[in-house]
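If you scroll down you'll find the structure; I have some questions about it.
To keep things simple, chains are lettered A, B and C as they appear, and every chain counts its residues starting from 1.
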Amino acid sequence: MNPALAHVESRTWRRFTPRQRLARFSVYLTLVVAIVLSARTVEVIPEFLYDAPEQMRDLLERMWPISWSHYPKGVHDALVETLHIATLGTLFALVMALPVGLMAANNVVPNRLVNYLAKLVLVSSRSVNSLVWALLFVAVFGPGALAGTLAIAFRSVGFVGKLFGEALEESNRGTIEALEATGAPWSSRLAWGYWPQVKPAFWSIALFRWDINVRESAVLGLVGAGGIGMALDTALNLFQWDRVAMVLFSIFSVVVVAEIIVTQIRRKIL
Amino acid sequence: MIEPVTRAPQRRHAFPPNWWARIGWLVLAAYVAYALGRLDFSWDRFVTGLDNGARFIGRMLPPRIAQPDSLAKGLIESLEIAILASSMGILLSLPIGLFAARNLMPVWATWPARAIIAAARSFHPVIVAIIFVKAVGFGALAGICALVVASIGFIGKLFAEAIEEISLKQVEAVRATGASFMNVILFGVLPQVFGRFIGFATYQLDSNLRNSTMVGIVGAGGIGGTLFSAFQRFDYDFVAAILLSIIAMIMVGEVLATWVRGVFLEKGKVDEE
Amino acid sequence: MSTALSVRGLVKEYVRGKKVLDGITIDFAASGLTAVIGPSGTGKSTLLRCVNRLVEPTAGEIHFGGRDIAPLGGRALREARREIGMVFQEYNLVERLSVMENLLSGRLGYTPAFKAWLRRFPQEDIDRAFALLDQVGLASFANQRADALSGGQRQRVGIARAVMQRPKLLLADEPTSSLDPKTSVEIMGIMRDLGREHGIPVIVNMHDVELAKRFADRILGMSGGRIVYDGPPDGLTDDVLKTIYGGESWLH
């Protein structure tokens, strides 16, 4: 053996400190316990499970051939309405999210209470699912696209506001400091210092959210909030599976087209 | 150092107009006007609605837990759906995401994997839930299956993207030691993507928790069913109580997610003694 | 010669008990370029930033424009600040805006926010901006984005922005520390010449002693939060420098 190494005692190498190992172990343990408990108490009726492949095949058979003729009368207008709901809803959300996101950013508004309240508003907006918002707005404004648009808008404020606030907090402080030193008022610091820096992030967030909202708008009709979901609901209730297939196919196409649009715009502008 | 001003002042544009931006704003304004018209927005409806809204909020407050058993059962079922769907979803998305990575896998593996992921993503979890309700009946199983599909779509896509962004040099280095395929994955690929993976795994857990509260509306189990029936009975104060408990559950979920991220995303220290 | 700035007993403690500025009392005349030198951490930057209140003084008075600006806040503080121009080590321009917009941002303290947003500045300001651009040698860069410029060019924009404020005082916080030696000389020259031409006293904070000796009319040496030398550049003997910087090895 190499004489230089002769006197070295063997040392142990551990990847994690004991404290880290304990922490990791607790996470694993919690996960396993949660999974096992859930699996045991969840109500799954075995017969249904065995029956499933048969049922799926039955479903697919009933869905084929797709009822193409259903499109012009039953589907097209609803589809367009869905797009309007998604787009208008996103736009309203953007307008609402700007002030709230501003208030949540601790470098723009250094008031801790205001930051906290703004973040609370954003979290609540995100925690309530758009379907639930739709239910609420249908109860208030009656069924139709108005409820759907507001549902999309209110749900999206949390998403846009949170990311927008984070983008603001990441902006370059030196630039703002320089504007402060010229004696510029707060609103000018906002318009000239913060906005040019967060503009690309803002539009990126907007596009991202619009894409998600196209998907979300499609189902709002299930609770009566307008759009293609209502056509889906009708077809489901009447067990017209070929029409259901038509609706699903059109939703799929619209989602794909929206993705393509978003990817193209991303490439051009951002 | 500085040049004396010798030129006569010329007419120069201080702020050249940005035509594309202006056109963009005009188009946007025109669209909003058009769409509002199409969607039959009338001011009267809006005002009536606000009135309704005030009355509605009055009926929602104070929140009342009309049926505690039903509420508890529903919440627990939603929690279970979220946990099981997330764990199965994560397990399934790992190999699918791996196979979808174009920098590591050949075309005959990436095409099917990417197709599965794209299909899983295209449909809203609620729609998928409807299909599963038809296939496996009402109840939590449909909800779990629907959310597994949603998880595969989300995690699979992000995982594949994360893998596609890794530095292949590190993988090359591990391969050069003669390591087996699994070892190359374990030591060359996974360490680079682990951090991001924890990030979106916890995000998906949170997302599944939210979604599990609402697939019940179409019969796929969980608190969504309780919520929907309360709505239909006009039990608005119970609705308020349910919503508050959903928000509370989601916030707890976020806290847990932050805990998990804190544990795993610490820069791992190597301890020698 | 009148006094542009008068500092009395200025104290700054970032951490209780540790004084970064230990009772600075000094007057600055209404013309000329003063260089503040001293080792890192000795409060040179803090001194400058206390003047325009980017850093809050712990105690002391700052007399500028006929009043003590140390306790000012809100609108009064902004009005004081717009008369003090500042040049930064990292330029601190708005990267995504054009050079012209960066210059005019120096007038934001004088322009109502709504008009500023619409880019409606008085024609006089715009003419002056173009003239200044010519003076600093950036005539053709008016509509280029700030992040397309080199470091030296950006600093010239930074100086022009400060001069656009029509300030009664120009502060420069390590303006040449991020620049190569040749560009540093150019930038110091521009500040000196603009200061002379527009009648603005300049206070520059720097760590390059040779550069300071070359361009300054007056040198302040700081050490341990105090001013230990106040005099002309040729008074900076090796002994004096040792007092300021401590240690000898860097001198040779």
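Observations on the structure shown:
Convention: a contact is a pair of C-beta atoms (placed from the backbone, for glycine too) under 8 Å apart; a residue touches a chain by one contact, two chains touch by 3 or more.
The structure displayed is predicted, hence computed values, not measured ones.
Ranking every chain by how far its Cα centroid lies from the centroid of chain A, the top place goes to C. When the C-beta contacts at A-C and at A-B are tallied, the pair with the greater total is A-B.
Each chain gets one centre point, the mean of its Cα atoms, and the points for chain A and chain C are 47 Å apart. Between the CA-based centres of chain A and chain B the separation comes to 5 Å, rounded to the whole angstrom. For chain C, residues that reach two or more other chains under the stated contact definition are 101. Multi-chain contact residues of chain B (touching two or more other chains): none found.
Taken together, the chain B residues at the contact with chain A in this complex read 28, 31-32, 35-36, 38-41, 45-46, 49, 52-53, 56, 76-77, 79-81, 83-84, 87, 122-124, 126-127, 130-131, 134-137, 139-141, 144, 210-211, 213-214, 217-218, 221, 227-228, 231, 236, 243, 246-247, 250-251, 259-260, 263-264, 266, 268-273.
Those residues of chain A lying in contact with chain B across their complex are 11-17, 20, 23-24, 26-27, 31, 34-35, 37-39, 41-45, 48-49, 51-52, 55-56, 59, 80-81, 84-85, 87-88, 91, 123-124, 127-129, 131-132, 135-136, 139-142, 144-146, 149, 215-216, 218-219, 222-223, 226, 232, 236, 248, 251-252, 255-256. For chain C in complex with chain A, the residues that touch the partner chain are 52, 54, 77-86, 88, 90, 92-97, 101, 105-111, 113, 116-117, 158, 161-162, 165. Residue ranges on chain B touching chain C, taken from their complex, read 1-5, 7, 9, 12-16.
Against chain B, the residues of chain C that register as touching in their complex are 98, 100-101, 104, 119, 121, 126-127, 129-131, 134-137, 142-143, 186, 189-190, 192-194, 197.
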